[in-house]
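Each of the two complexes below includes chain A, the first together with chain B, the second together with chain C.
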Partner chain A sequence: MDRTNAPPSAETPNSQEGTSPLVLLKPVERDLQQLDENLKRLISEENPMLMAAADQIFGASGKKIRPALVFLVSHATAQLTGLSEITPQHRKLAEIIEMIHTASLIHDDVLDDSDKRRGKETVNRVFGTRVAVLAGDFIFAQTSWLLANLENLEVIKLISQVIKDFASGEIKQTTSLYDCDITMQDYLRKSYCKTASLVAASAKGAAIFSGTSNEVKENMYDYGKKLGLAFQIVDDILDFTRSSEQLGKPAGSDLRKGNVTAPVIYALEKQPALKRLIQTEFINPEDLDTAIELVHQSGGIERARELARNMGDSALDCLSCLQKGPMRSSLEGMVDYVLERLH
Partner chain B sequence: MLIMVSPDCMVHPCSLHCSRKSSSLKLRTVRSVRCPPTVCLSESLARESSVGHGIDHMKLSLRESLQGINRGIFGVSAAQKSAIEHQIALLEEQNPIRKPTDHLQKVEGEWRLLYSSISILGMKRTKLGLRDFITLDEFLQTIDVDKNRASNIIKFSVSGLGMLNGALTIEASYVVSSEKRVDIQFEKSTIVPDQLFKLFQKNYDLLLSIFNPEGWLEITYIDDEMRVGRDDKGNVFVLERTSHPGTD
Partner chain C sequence: MDRTNAPPSAETPNSQEGTSPLVLLKPVERDLQQLDENLKRLISEENPMLMAAADQIFGASGKKIRPALVFLVSHATAQLTGLSEITPQHRKLAEIIEMIHTASLIHDDVLDDSDKRRGKETVNRVFGTRVAVLAGDFIFAQTSWLLANLENLEVIKLISQVIKDFASGEIKQTTSLYDCDITMQDYLRKSYCKTASLVAASAKGAAIFSGTSNEVKENMYDYGKKLGLAFQIVDDILDFTRSSEQLGKPAGSDLRKGNVTAPVIYALEKQPALKRLIQTEFINPEDLDTAIELVHQSGGIERARELARNMGDSALDCLSCLQKGPMRSSLEGMVDYVLERLH
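The block that comes next holds the complex of A and B.
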């Protein structure tokens, strides 16, 4: 059923070669399929209204990178502690992680009034704001209960912290819109809350259920954290480098809303003119384009790319405690995949 | 532009000033000046009535250009700002009372802010919660000429807390320092109710720094319904009376 003991095959991803997500997720394909089925059943069993929304919510269109990371770390750390296969707790953890991620996206779409998510219409668009808010709440509540049922205090604390961090991150962002004095440290802290916290907790949680040493647990946490931060930095870069069609929203929309990200923080060091444009909230029609141009010209984007690459390299270092094999290769490939989105 | 005049009078069209930036032109009835046919219309009278029409149009134009910009408090594009300030300048040229501090009774009473060049943007706006959470309602100013005092009242409403309404009141005193100018001294500020104060508590100094009238103020235009002022920080203010004096 699972692939922990599967011999290396032609399907084993080599991190030097293809880093398409599908190739990377091959070793945990079955795990992900089962997760999909479980989640849909979980949500529709409760309420017919949510059953209608279940497809929109847990549709196949999501790449399921987060639960995939849980499975990959689960298998990789299980190898270290001699487990023959991953445990039901590992599987539940993956489901919980995907639920938290999905609930936060549903609420984000309400807050941003978004019509589309991953090429499909959003829950709020199809079913309205009320259903979207209730669905998000329901899913968060379910995760609390499922988490408690795992009866592992360390994991409970770890994951509860994530939900707390999500909310903190959003509030932090709202209270620092158009703040040109934001430091790189502030930015990384906010990015941690928004994105990396979940990934770090996922990886560490998987190690906990494998019963690894503390050293491995911390390495997995660091891997997840750095991978998550790299992912967020890349996302923030793409807001400047991708065109509106590719992004699904106008370019520079982070900046437009006053969300000051890594490329802009770097650019502000070199281009004082940018500060005025941000402080006046791009009041003139040409201001936003001028600001984006300044960010490009100042080398802010290149420096942010370097930051992401360093973060990625640092994440790779954390994997050295794992046995070489398809699982570790996929985890290494994840770093490349995250960074490759830069091209 | 249509002017209705009594058959007794003539108006010189060339003495009419009017800046029309708006495309929609509203018909205004103007006072028709009656004069005995023997005297006919003295030039100054003609100019006064024609300028009167001109001023009315200027004020109308100005009001139209101020539509929908929330008194400029959250920023106005450079192009719009320049157009507005041009209109203000034209109005100031027609100031009927050249030495306003000799006629300070004209500013007595309650005024409402229509526009100012003061803007609250960027991090200031974020810190004060004026983005989604707290709304700026009316700005009123009450001047008590006998006591040489002025009160600025800035009203707020907070949607989240069950439509909480409140106000920041800044009291100041002034002394006349020239025929156009008064020097203003900050006296005190209060915020009501308490919940509103708590919301602004962390950023109270910031709030005051934006609305503090201390410095000097020149009255550059004053009539029965509108006033324009300029302060020592390069700001311009356009206000209207909240209750109009009895119309003729």
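The block that comes next holds the complex of A and C.
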């Protein structure tokens, strides 16, 4: 769920307290290694040009949280239905999810004209817009094809909806910049499209391939949805509370670009002056500082924290249908990991 | 099949001899009108931004030859299986095919940084790269979703392969520029990916929804493939034989950009000097003129014409499984229309 910007500090495991992503991923470490090899082969075997870009392409996606989640839910739900091992379909789903995420990042970097992601130069920076648009298109196309060959209409529909949500989410964001009339519902819908839809479909897809009951499928879907939303809300809070150095970009960047996020929506209820500032589109840079200050004073950040915690709690509730053990613990740990970034 | 550049003169129906596209499309005129309305609704209902761009988006694709082909094959094959009317699935397939074509054109214009297509300003020109990449992504995503909801795995696989071929074809083209070792087989494979794959899948998909025998499905696939290849070869010949004015771009543009097409591959067999010229990448513009002259002298254009005619003849052979009547006549006419551009 590092679709936007996870702080650099999240890369290093915490030793004392707090949840380390590396510990969480431990139960599926071997699955992830195999995934890495398969992905490089899948992308590069048909295209020497993409092989050259493979490092940039797969460097973009960071810790492989999404496929890890597929593997964790795959194992956890396979236990419920008595499968002795996860299936090739589960593995292919994890690859597809990671490829969709990667393709969306490559196109995001074209859209934002970004030079770096996670400390690595972006595909568009190294190979140009042409290759970056094509690489993204090719990977999206490859996922459609892989998905079709899984021959499961329920999963095909589920994942094709995600790809549609991605594009919708970006378009919603582009068309609602500096819009102070955006409601919390609009914001959650946009965040769902941008971030949570893929996570929800990842978890539900894994349950489908384990052959679970509909109830378990829907619980896994809701777990992914709430986890994804919590992640996005936390990310949007950090844009206000972390220092520029921690974020690797100036604090308040989202607001400067016109993204009206949860803390701002709450702040607008208390601080009508904020609306006038945002509507100036910060042509005067001092207006941005004043706006950030108003968000802090309004209590909007605390309310957004509360919202994120509620989402996290709902996500945890959805896990009660799973057997206790390392897989469920890691899935619970993912929620803690997302929320701990608030501290 | 106007993926690259159909000459402006092809827009006007010929009165005396020759095949007018408008006459060919007559039997499916009402189907195409309904398609137009459905497409505008599909694209715009979720996205006000795309609605604003709808004119540019659908202006890009010209005469709707591809969906017309879907409708013609739909009616012709429905006759074989005793359907009284074409089905909603046939119509949805036509929409999907047109949307894939449109999305690929929008991204092509981003890749080539084109300002105009068929006399209209491009999406990237009017709305910028951001909107153009997103609009293409959204339309591709929408097609995956529509496709999934057709709930026919054979068609889902068929069309997802086309989207993959598109991206592969563009990548093959990008990585083989100024490559004089390209074989005729490489060229045909690239042309298949870029142009013929979609046409082949359009025709086969229509036969699938009519419930025909496998033999008819494969005949329709081959018809589309050969028709698409003939179109691409003719297009590549016209780049040498039409005047700049007729083409709307300088003659020899493909060669200048490094696209080694059928006439050039044949010419290279006879004129080794051509290889050295192409390998200069035409830094000296006079080298391009000399290279074009060598292609003309070599007889490469005549051999490419012969190849196109053979493809056309093969395409016609595939139609013999259909009943005679206006639908089959129009499908035959499509072949004539493609080849008549050579005169």
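Note that in this section the second predicted complex is superposed on the first by the 322 of 343 C-alpha atoms of A that agree within 3 Å, B and C clash if a C-alpha of one lies under 4 Å from a C-alpha of the other, contacts with A are read in each partner's own complex, and residues count from 1 in each chain.
Just so we're on the same page, a residue touches a chain if its C-beta (ideal position, glycine included) is under 8 Å from a C-beta of that chain, and two chains touch if they have at least 3 such contacts.
Because the structure is predicted, anything quoted here is derived from the model rather than measured.
When the two structures are aligned on the shared chain, A:Cys180 is found in touch with chain B, with no touch to chain C. In the superposition on chain A, A:Glu170 makes contact with chain C only, not with chain B.
In the superposed pair of complexes, A:Glu293 makes contact with neither chain B nor chain C.
Of the two partners, chain B and chain C, it is C that touches more residues of chain A. When the two structures are aligned on the shared chain, A:Glu45 is found in touch with neither chain B nor chain C. Shared-chain residue A:Glu215: touches no atom of chain B or chain C.
With both structures placed on the common chain, the touch criterion links A:Gln161 to chain C but leaves chain B unconnected.
Applying the stated contact rule after C-alpha superposition, one finds that A:Phe138 touches chain C and leaves chain B untouched. When the two complexes are superposed on chain A, the residues of chain A that touch both chain B and chain C are 174-175. Residues of chain A that touch chain B in their complex: 174-181, 258, 278-281, 283-285. Interface of chain C with chain A (complex): residues 46-50, 107, 110-111, 129-131, 133-134, 136-138, 140-142, 144-145, 147-149, 151, 153, 156-157, 160-161, 163-164, 166-168, 170-171, 174-175.
Listing the residues of chain B that touch chain A in their complex gives 74-79, 119, 121-123, 125-127, 131.
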